[in-house]
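In the two complexes that follow, subunit A is the common piece, with subunit B as its partner first and subunit C second.
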Partner chain A sequence: MFDQLAGNLLFGIVLGAVYGLATMGLSLIFGVLKIVNVGHGQFIMIGAYTAFWMFTLYKISPLGSLFIAFIIGLAVGLIIFYTIIKRLTGAPELTTLLATFATGIFIEELAKFFWGPDYRGYNWDLGRVDLGFTLLSYSKIYALLLSIAIAFLIYLWFQKTKLGMAIRAVVEDRQGAMVCGIDVQKVYALSFALGIALTVTSGVLVTLFVPVGINPYMGHEYTLKAFVIAVLGGLFSPWGAFYAGFIFGLLENGSYTVLSSIPGVEPFSLTRTVTFLVLLLILLIKPDGLLGGKNK
Partner chain B sequence: MKRARVLCVVIAMFFLTGLNYGCARQSGVGQQAADKIVIGAPLSLSGKYAKEGQMALWGAEAIRRWINEVNGGIELSGKKLPVEFKYYDDESKKESVQSLVERLITVDKVDFLISPYSSDLALASAPIADSHRKVMITHGAATDRVYQQGYKYITQVYTPGSRYQTGFLDMIKNKDPEAKKAAFIYEDDEFSRSVINGARAYANKQGFEVVFDKTYPSKPTDLSPLIQELKTTKPDLIIGGGHFADGQLLTEQLSSLEVNVKAVSINVAPAIPDYYKALGVKAEGIMCPGQWEMGVKYSPEAAGKAGLEWFGPSQEDFAGLFNAAANQKPSYHAAGAGACLLIYARAVEKAQSLDPDKIREELGKLKMMNFFGTWDIDETGKQTGHNMVVTQWQAGENIVVWPPEAAGAKLFYPLPSWAEKARGTLAKE
Partner chain C sequence: MSLKKYYEFLSLLVFYAVLFFLGLAIPGMWQPVSLIMFYVALGQCFNIFLGLTGYVDFGYVAFLAMGAYGMAIAVDLLHRQGLGVFIIFIGLVLAVLMSTLLSLAVGAVALRLRGAYFAIATIGVNEGFRYFIEGARLWGGSEGIIISGPLRQSLGPQTVNYLSTFVADVLVFLIAILAAFVTARIINGKMGYAMMALREDEDAAKVIGVNVTKYKIIAFVISASFAGLLGACAWTLKMTYVFPADVFLITYTIEAIAIVMLGGAGTLLGPAAGGLIYGILKYYLAIKLPGLQLLILAPLLIIIIVIFPEGVVGTIKKRGAWRPWNS
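Right, the complex of A and B next:
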């Protein structure tokens, strides 16, 4: 049983890192623009297709696709910001919610129109490592390490670069930032684009974890999880989202072993219930989420 | 004020016209001479069943063309009437299915229905069709549960879920009586549960030992906890899956966790070319129960031997018509949907009526074979004549390996190990 628990926890950590990176984008957009991106999962889908097409058409490995996905995410984010989001600053929350929801559906149906509803996949098999209690494929190790590396790079960027500091200034005190000469609209555009770019990039990492089943409608499952993780980590904090991702992954997979030792129980369906119950408990104790409370 | 009054009058006129029109159509039923036969369906052209829904649509269109162009239409009261197929996109959603079935019946006034694709959507549509006394043939809906509800007008063209994996178990028992340990890992939905309930009962009856029997929720993103546990039970064979994405996921993770067994039979997913394209050599040797596959031996000769009448195009003709619309080979989803139209055509010609009770009675009496297989339903509407085939991916081709009368190749057994497959070993002699 301990072998299984260790195996499940390990996979939970890897998956959690990917979930966490995906949710950072969501938290960033909410933290800076106060916009809930309900179409979140569809951008993960774009990242997954990017990895698929780059590998299938040009034999570019997912590692290379990470950069391409990031650029695509920035471009798509900027386009969406200037065509839709910018016009909605100051609009009621329901309007922006609907706008991001509709954008998500639009992207989904565009994907289906161009790429069809087929279920795609690719095979970038580098072998696996035998850890004794389980087998861990190298692609999953890459997924874990790259998620952490990207999250760390983003952290450094926010701390050390002018643009990063400008974003933090706007979040801290919008009026003050304007007085200091910061172009708030550009900061919003950049933050939105960066949030989308992180989400699309995480889509490539999702395929490192599972390289099959890629289809236009795959995003919805990830949206729900992302919302849970974002709330858990504190809605304003991308770093909180990243840590919360690990906790979520550990809970989801780890709880399986505990639940499967209870006779008569279908453990996998219950893992979701357990995860949400724990989330509720954490929020009851700390309503602002793990790292929430103050804007970071 | 005057403008408002004029507006009110105009609106009232539209309303009255619409009411009149509606009434006229209502009273027209049964009195106006039928100049065409309309078969309707909600089909999933977006959402999680988009792939199957599109296949079903193309299949129905191919058969509609055969009926109208090759057969000249359906003979009713001395005239040959064309078939019209009316459909709407149900977006793979139960709520849409319900309102669309209502619309097809009350607004479009279709003569007959075929169900939406999938057990859960068909279950959602059945009570509405039945309460309106509209005959419906379900396709893509294998769950036995629909026929346990006491509906009068709902019938089935597919083999029911309870008989999905029984052929696979027969085949394994026949090939290797020592392979006794079976693991079930499957989606927690209507269809998959009905398949495994049937498989479990049959496995127990045939002397297999069920060593693992667990579900996963729909649309999983990671099955590794289940698979880690399954691996410890050291099964000889694995049966399971659900639909497409999870079937691919299951196979991929069995490979990545190197769960080596002698045979694997997964529902639905391995039946389409996407499966092999996505998984490559990992798909080798994986089996799938199929409602139908190109290469099955249904033909007028086979019908004659079985003492059944034959109606409809040959397999090749169907594939040709399908390819003209879809530019690819038909899957069993396409064939099943097309077969529904053929069944209706034959039933109308025999009953010489469009009356739902007469047609339902005729569907019950009808025993026939078409390119999809045998039609013979019991009094609950459940299909008893149609049989599954088992297909296996061998050297990049999905070939029927069971039953022997339908097989195009011998079963490749046992499966190559995942490591062997990674080195390029194929499931072919």
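Right, the complex of A and C next:
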């Protein structure tokens, strides 16, 4: 029992790093453009399919797919920004929510149209390491390290480069940034594309954790999870989201362990309900995030 | 209650009547008409919340599902009591009760939140509840409830057949009329002004003394209880089964949003126009291009949002109100 709990919690931390990375894009887009991307999970799905096709068609390992996914994400992000989002800046919230929602559904349906609705999977087997209380596969350890590395690189980029600073300035004070001569439209485009690119990239790492494989509708689950994590992390801050990913991973795997000890229930389904209840609870008690993000 | 205020509602009644008699008079027409009517009703019900308050509820289908379950549970539990057709009334009452209870629970939490936060809170309602039913093995779990047998036992096969092929559709007509009437009453009454103020600027409405939370909850609960009725009639009575994987489908939420936005949110005629356009489109797409409705619907929704943010009826109304000599 103890070994199982310890194993599950460790797995929660590893998965949490990927969750955190998968949510940074959502928080970045919300922080800069004040748009909630309700179609968030579908971009994770794009990344997952990128990893799958690169691996099965060209024998490219998920490591290589990370770069490809990032480029694809930037391109998709720019296309969506200039065709849809740009026309909606300053529009009421209802409009942007519906637009991102419809965009997500469109992406999902395109994926289903071209690749079919069935589950697909691939196996990137690198062996396992025995930790005494549990076995952990090397591919998952890579996922943990890569998530932290990518988050750190993005952090450096934000701190050290002029563009990163411009984005931070717009988050801080839109009008002030404009007065200083920052091209806000360009910052919007860049942030949106970067947010989508990060999300698509994280989708590659997500494939290392899905035992049943990937399908076009996998995104919904991650949209919900990403919202819980983003709200935990304060919604505005990508770094808050990254840390909150760990909390969420622990919470999810911890509650799974507890629920599977109750007879007569299906712990996997109930864990999803718990996720939703946690979201409601945080929104109710502390809508500006447990990690102390600022609200409006 | 001056009649002039209700011209739109009366013209809507004429539209429903024409549709109803077209369905009855032309052989083979009843099926497409009942499909169109389902979407008109769905639009009317959803409009009471989305249209009047300007808040998006991404989990709306959960309330239809509650209604579907309410009817199924009533029939499943009571079919041995010899209640006859009265069992359907109990089912309808239970359907409304269950969707109202869920909406009160969700609304009490989510409606304290503003705009985007509200949308985030509702996005998991349908999946959270679906997985709760499946995970806790509530109400048959993922196997659902099948009521065709119990219904036949208590009412006889002919009545059941009549019920699911005709009466269920007529009930959907009645729901659409009732929802439109309630919408008309709200728009023309004091609550309509409060809603308009709240939709335009919630803070300002609050400052001038409008109890925004109260009105939001009223609209949310009314809209949800109508959804419950619709779920009970259009799904359980018509199909005679309930499966969680079917009734919690996010597709219906998307369809409801598309219909309201297509016609024009917050107008009385909008959902009817949206439902008519969408119903016809869906009926022919389902024949011509099966399985591709969402692939066509999603970009359509994006185009509507970007080009006609006010919907078809809303845009025409604006054009009508445009007076060049005044500007």
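Throughout what follows, the second predicted complex is superposed on the first by the 255 of 296 C-alpha atoms of A that agree within 3 Å, B and C clash if a C-alpha of one lies under 4 Å from a C-alpha of the other, contacts with A are read in each partner's own complex, and residues count from 1 in each chain.
Here is the rule we use: a residue touches a chain if its C-beta (ideal position, glycine included) is under 8 Å from a C-beta of that chain, and two chains touch if they have at least 3 such contacts.
Remember, it's a predicted structure, so these values are computed and weren't measured experimentally.
Trainee: Name the contact category of A:109: first (subunit B only), second (subunit C only), both, or neither.
Mentor: both
Trainee: Which partner chains sit in contact with A:257 here, subunit B, subunit C, both or neither? Use first/second/both/neither.
Mentor: In the superposed model, A:257 contacts subunit B only, not subunit C.
Trainee: Is A:175 in contact with subunit B, with subunit C, with both, or with neither (first, second, both, neither)?
Mentor: So A:175 meets neither subunit B nor subunit C here.
Trainee: Which holds for A:280: it touches subunit B only (first), subunit C only (second), both, or neither?
Mentor: second
Trainee: Which holds for A:227: it touches subunit B only (first), subunit C only (second), both, or neither?
Mentor: In the superposition, A:227 touches subunit C alone.
Trainee: Using the superposition on chain A described above, determine whether A:4 touches subunit B (first), subunit C (second), both, or neither.
Mentor: first
Trainee: So, does A:128 touch the first partner subunit B, the second partner subunit C, both, or neither?
Mentor: So A:128 only meets subunit B here.
Trainee: Just checking: does A:272 make contact with subunit B only, subunit C only, both, or neither of them? Give me first, second, both or neither.
Mentor: The answer is both, since A:272 touches subunit B and subunit C.
Trainee: According to the stated criteria, A:97 is in contact with first (subunit B), second (subunit C), both, or neither; which is it?
Mentor: After superposition on chain A, A:97 lies in contact with subunit C alone.
Trainee: Which residues of subunit A are in contact with subunit B in one complex and with subunit C in the other?
Mentor: 109, 112, 220-221, 266-269, 271-272
Trainee: Report the residues of subunit A in contact with subunit C in the complex, numbered from low to high.
Mentor: Going by the criterion above, the answer is residues 30, 36, 38, 84, 87-88, 91-95, 97-99, 101-103, 105-106, 108-110, 112-113, 220-221, 223-224, 227, 231, 259, 264-273, 275-277, 279-280, 283-284, 287.
Trainee: Could you list, by residue number, the parts of subunit B that touch subunit A in their complex?
Mentor: Where subunit B meets subunit A, its residues are 46-48, 50-51, 54, 188, 214-217, 219-222, 224-226, 228-229, 232, 244-246, 248-249, 251-253, 256-258, 269, 272, 274-275, 277-282, 422.
Trainee: Which residues of subunit C touch subunit A once you look at their complex with the stated criterion?
Mentor: 54-56, 58, 109-110, 112-113, 115-117, 119-121, 123-125, 127-129, 131-132, 134-137, 141, 250, 254, 257, 261, 265, 292, 294-295, 297-299, 301-302, 305-306, 309
Trainee: For subunit A, which residues count as touching subunit B in their complex?
Mentor: Listed in rising order, the residues of subunit A that touch subunit B are 4, 7-8, 11, 15, 109, 112, 117-123, 125, 127-128, 134-135, 137, 140, 206, 209-218, 220-222, 225, 252-253, 256-257, 260, 266-269, 271-272.
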